[in-house]
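Mind having a look at this structure? Questions to follow.
Labels run A, B and C following the written order; every chain starts at residue 1.
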Amino acid sequence: MSIKRWARLLGGLAVVLFLGAAPGIVSAFMVQFLINLFMMAILAESWNIIGGFTGYASFGNVAFFGIGAYTTGVLLTRVGFPFALALPAGGAVAMLFAAAVGFPILRLKGHYFAIATLGTAEMMREVVYNLEFTGAGTGLVMPILRTPLTFFYLMLAILAAVTLVNWWLSQSRFGYGLVAIREDEDAAAVMGINTPLYKTVAFALSGAFAGLAGGVYAYWITFIDPDAVFKVIITVQLIIMAVFGGTGTVLGPLLGALVLSAVSELLATQLATLAELFYGLIIILVVLFMPKGLSDLIRQGGLSLRYFARNLREYRI
Amino acid sequence: MKRCGFGRRWLGLAVVGLVVTATTAWAADTIVLGTAISQTGKYAREGKFYVDAYQMTVDAINKAGGVKVGGKTYTLELKMYDDQSDPNLCVRLFTRLVTSDKVNFLLGPYSSGITIPASSVSEKYEIPMIQGGGASEKIFDRGYKYIFGTLPKAEFYFQSAIEAATKMNPPVKTAALLYSNEAFDRSVAEGSRQWLKEQKIEKVYDEEYQPATQDFTSILAVIKSRNPDLILLAGHVENSLNFIRQAQASDISPKMWVFTVGPPTADFRKTLGKAAEYVYGVTPWLEDMEVGGEIFRSAKEFGKQFRERFGYEADYHVASGAADVLAYKFAIEKANSLDPKRVRDALASLDVETLYGRVKFDPTGQIAMGQVLIQIQDGKLVPVYVAGKMVGKPLYPMPKWGQRK
Amino acid sequence: MLLLQVLVNGILLGGLYGIMAIGMSLIWGVMNIVNIAHGPLIMLGAYVTFWTFTLWGWDPFLSLPVTILSLFVYGYLLQRFILNLIVRAQLFLTLLITFGVEVVMVNLARIFWSSDLRQVTPSYAAANFAVGGLTIPYVRLWVFVTTVVVSVIFLLLMERTRLGRAIRATAEELRAARLTGIPVGHIYAVTYGLGAALAGAAGAMWGMLFPITPIMGGALTLKSFVVAVLGGLGTMMGAIVGGLVLGLAESFSSTYIGPTYPNAISFGLLVLILIFRPTGVLGRGEGR
């Protein structure tokens, strides 16, 4: 690898170490905020694999999050596994689910794919709602772990891992294959890329990380019910974060998660009942004025009215 | 791109850190009660009852001289966030209240489903939380020490209704049980099965439905075919409204039907109009009950003040919320300290009469209170059965829809 | 007897679902916009009906033209000045922006009209008649009839009028339509306006049967997805067919399997249809 790549990797490592030291410096509340931030960033980055690189905009990624959460939850509470086993199991089950479901669904394109994934997520919610051993509507209550730092480092580690995977995609043949599928799937197939396999692997990777995030979430928040972990708005939030930062880039979704989480937290505490309204306005403005995300904004040289005006006109009828 | 990206990240973190960790400084002689409660989202209606109740009680206590600790007088203050009916956000807001806003004590959110995770926060940080909006045993069966609740056990909700049913003339012989797939309602249903068995009433229907269900016509068709004397519905207010309306449209009219949550609230009667007549409900509190204590000398006085200030009638949610705030005043003064552990112990041994009734928590932290069976007669709530006795005349059996005046 | 009642319930429910989904089917099929703001449009229609009923005593069936017109205007403006700006963007951007519109609409409704439950209660709201052991509520029957009538009207509109032809031409090939002089921005706006008007009509019907709140739209959007896809996107009669399929499926599954299953079944149906026959029961053309 070139010097530049090494420098980037080391820089990333430095940031991770810095963040790792954060709990000693910042308040307990900040630690909670960061845990949530890392979680959204993981979800955004994992969506990026299938949505950003491969161009298959899945609207059901919350299904993987929920499956990971419930798998870990059920293993913790009903089966009595230790967390060290329950968590990877959550990720694994989510990954297998993604692969299994991906097989028929990835044959669809565009809107149909998006709605099919949305339908899958909703269906999983209903399934969990109906089963006794997942607690049905009452939900599952986890034992309390009184060391919040465990969750902090877990989320940080998973985030580092998924970002690394994104980085690897941006450099590897497999990643280029995904991009080829995004740009022109038929041409990619003609060139010899096994598109169904590539897509399914991307989907499964996406699912695995989302599932891991879900598993940690379940233990952290100590209580899950179907509505909380299969919410459609979680998917929308993670997509808007990826869009805001820049889909298909390595750091974009992370940046997007950072900024939008902070904004959302600020709104929730300062504006209370108006918070959601403003969030909706932000979504509209972002899609209209900077659909290519912060990454693109930075690359074009920063804030300029002309940039925004150009974006406004680019996709119109 | 690399430098810009990382530089921005540090800058971003710093800005966020500054903004978000800024802690508010409270005035020296105040006791702050913090809560995250549903002001928007699916529980917004009920959340408002608590917001108003907390506010009015805090003001009343301050007006009556505040809270006395160690010879000093403290004023109560409220710090309220909106949890948007979202358990995840609620947990984070409670964590913020404890770690960043550094409030003294916590008041609960609304609904069992949200209270269960929220109480884990109070337990983790060992700060008392008193809540008046969650009744499911799942809140109290984890061995937690810092959670207290002023709503009586969910499993007992329909006990008085079912007992009363056997004392009607002619007595109820068959019943249908319908409940929502949620913590509280499932608890109510579990208890109801036991009471029905005890009273030897035959259960001809026992089904669960999804909370978001709007269309009950299929359920109603099946219930109609089984023809029960009594229908018990444990669900959200919207469910009850839909059920009653659709029962009317399907011409279904049992001898007696009882609903959770809805009937005691004023807008339930307003929304249904005439269709609300003959409906039974259960409530641990009524405005004309003969209960009272410090600050609010009687339930009636409380109800009057509340109505004058907020423009709607108080129901048991409101009274329960008021009791939560009052419990803190008494416990803090009893412990003569602001130390969370001492106040917690004082709460555990509290036994005091209030506008809500007798506030005494059992070892798990839940209050023990009977439910009064009420019936809506002529737009008013009439107590019919309480503590094993018929105390009012029920209009029984319910006339068929076509025969109502 | 129970079986027959369940069947009738399912059919009547299907009518309600059908009229709910026509608007979405039109917008999706013609403009390829998945309108997440569909639910809030229904909600708006319900509120318009509620306010005209409460403030001026207008019967909800009679105030239908007002509801339809006001929603049409709203939809037209929304498309013309906001949505037209991203029509050619990638699909998830259009999904995102309609989601943003949804959030804004729901919150504005909450701010202006509060979260209190509202209901339209004309005197005949619960009226019903009995025939052969079955009980049939009048309002549901009229809703079913209205659905059929509205569907036929729109079918005629799309097949027999110049406007309909312009809309279909624009749907088929945007550039060609523009070249032949069709004002595509205006046509798109008209299409969305029509979709919104249909949603508004559905809202008027819905408001008579169920409580009205600002957040009622979310679940309705999801249901409309299922109905629209089941029946076939873009086809006018598809919505009724999809509605009937879903209504019957829900009615039967609720009765014979259990009341907690209808949603699971409807989403399962959605996924299955998308996998095996994405164009739906009546659809034509490719979906893959």
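Rule of thumb we're sticking to: contacts are C-beta pairs under 8 Å (C-beta built on N, C-alpha and C of every residue); 3 or more make two chains touch, one makes a residue touch a chain.
Given the structure is predicted, the values throughout are model-derived calculations rather than measurements.
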Building nodes from the protein chains and edges from chain pairs that touch, which of line, ring, star, complete or other describes the result? complete
Measuring centre to centre with C-alpha atoms, which chain is farthest from chain C? B
Please tell me whether B-C or A-B has the greater number of C-beta pairs in contact. A-B
Centre to centre, by mean C-alpha position, how many angstrom separate chain A and chain C? 31
Centroid of chain A to centroid of chain B, CA atoms only: how many Å? 36
Residues of chain C engaged with two or more neighbouring chains: 260, 263
Counting only residues that touch at least 2 other chains, which ones in chain A make the list? 126, 129, 273, 276
Going by the touch rule set out above, which residues of chain B reach two or more other chains? 40, 181, 208, 210
Footprint of chain C on chain B - complex, ascending: 40-42, 44-45, 181, 207-210, 212-215, 217-219, 221-222, 224-225, 237-238, 241-242, 245, 248-251, 267, 271, 273, 275, 401
Taking the touch rule as given, give the residues of chain C at its contact with chain A in the complex, in rising order. 28, 32, 34, 82, 84-93, 95-97, 99-104, 106-108, 111, 174, 184-185, 188, 218, 222, 225-226, 229, 260-261, 263-264, 267-268, 270-271, 274-275, 278, 287-288
Considering the complex alone, what residue numbers of chain B touch chain A? 1-2, 4-6, 8-9, 12-13, 15-17, 19-21, 23, 39-40, 81-82, 84, 86-89, 91-93, 95-96, 99-100, 113, 116-117, 120, 123-124, 136, 138, 142, 180-183, 185-186, 208, 210-211
Touching residues on chain A, where the partner in the complex is chain B: 7-8, 11, 15, 26-30, 32-33, 36, 126, 129, 136-139, 141, 144, 146, 221-223, 225, 228, 251, 254-255, 258-259, 262, 265-266, 268-269, 272-273, 275-276, 295, 298-299
Show me the residue ranges of chain A that touch chain C in the complex, using the header's touch definition. 51, 57, 59, 104-105, 107-112, 114-116, 118-120, 122-123, 126-127, 129-130, 232, 236, 239-240, 243, 273-274, 276-277, 279-284, 287-288, 291, 312-317
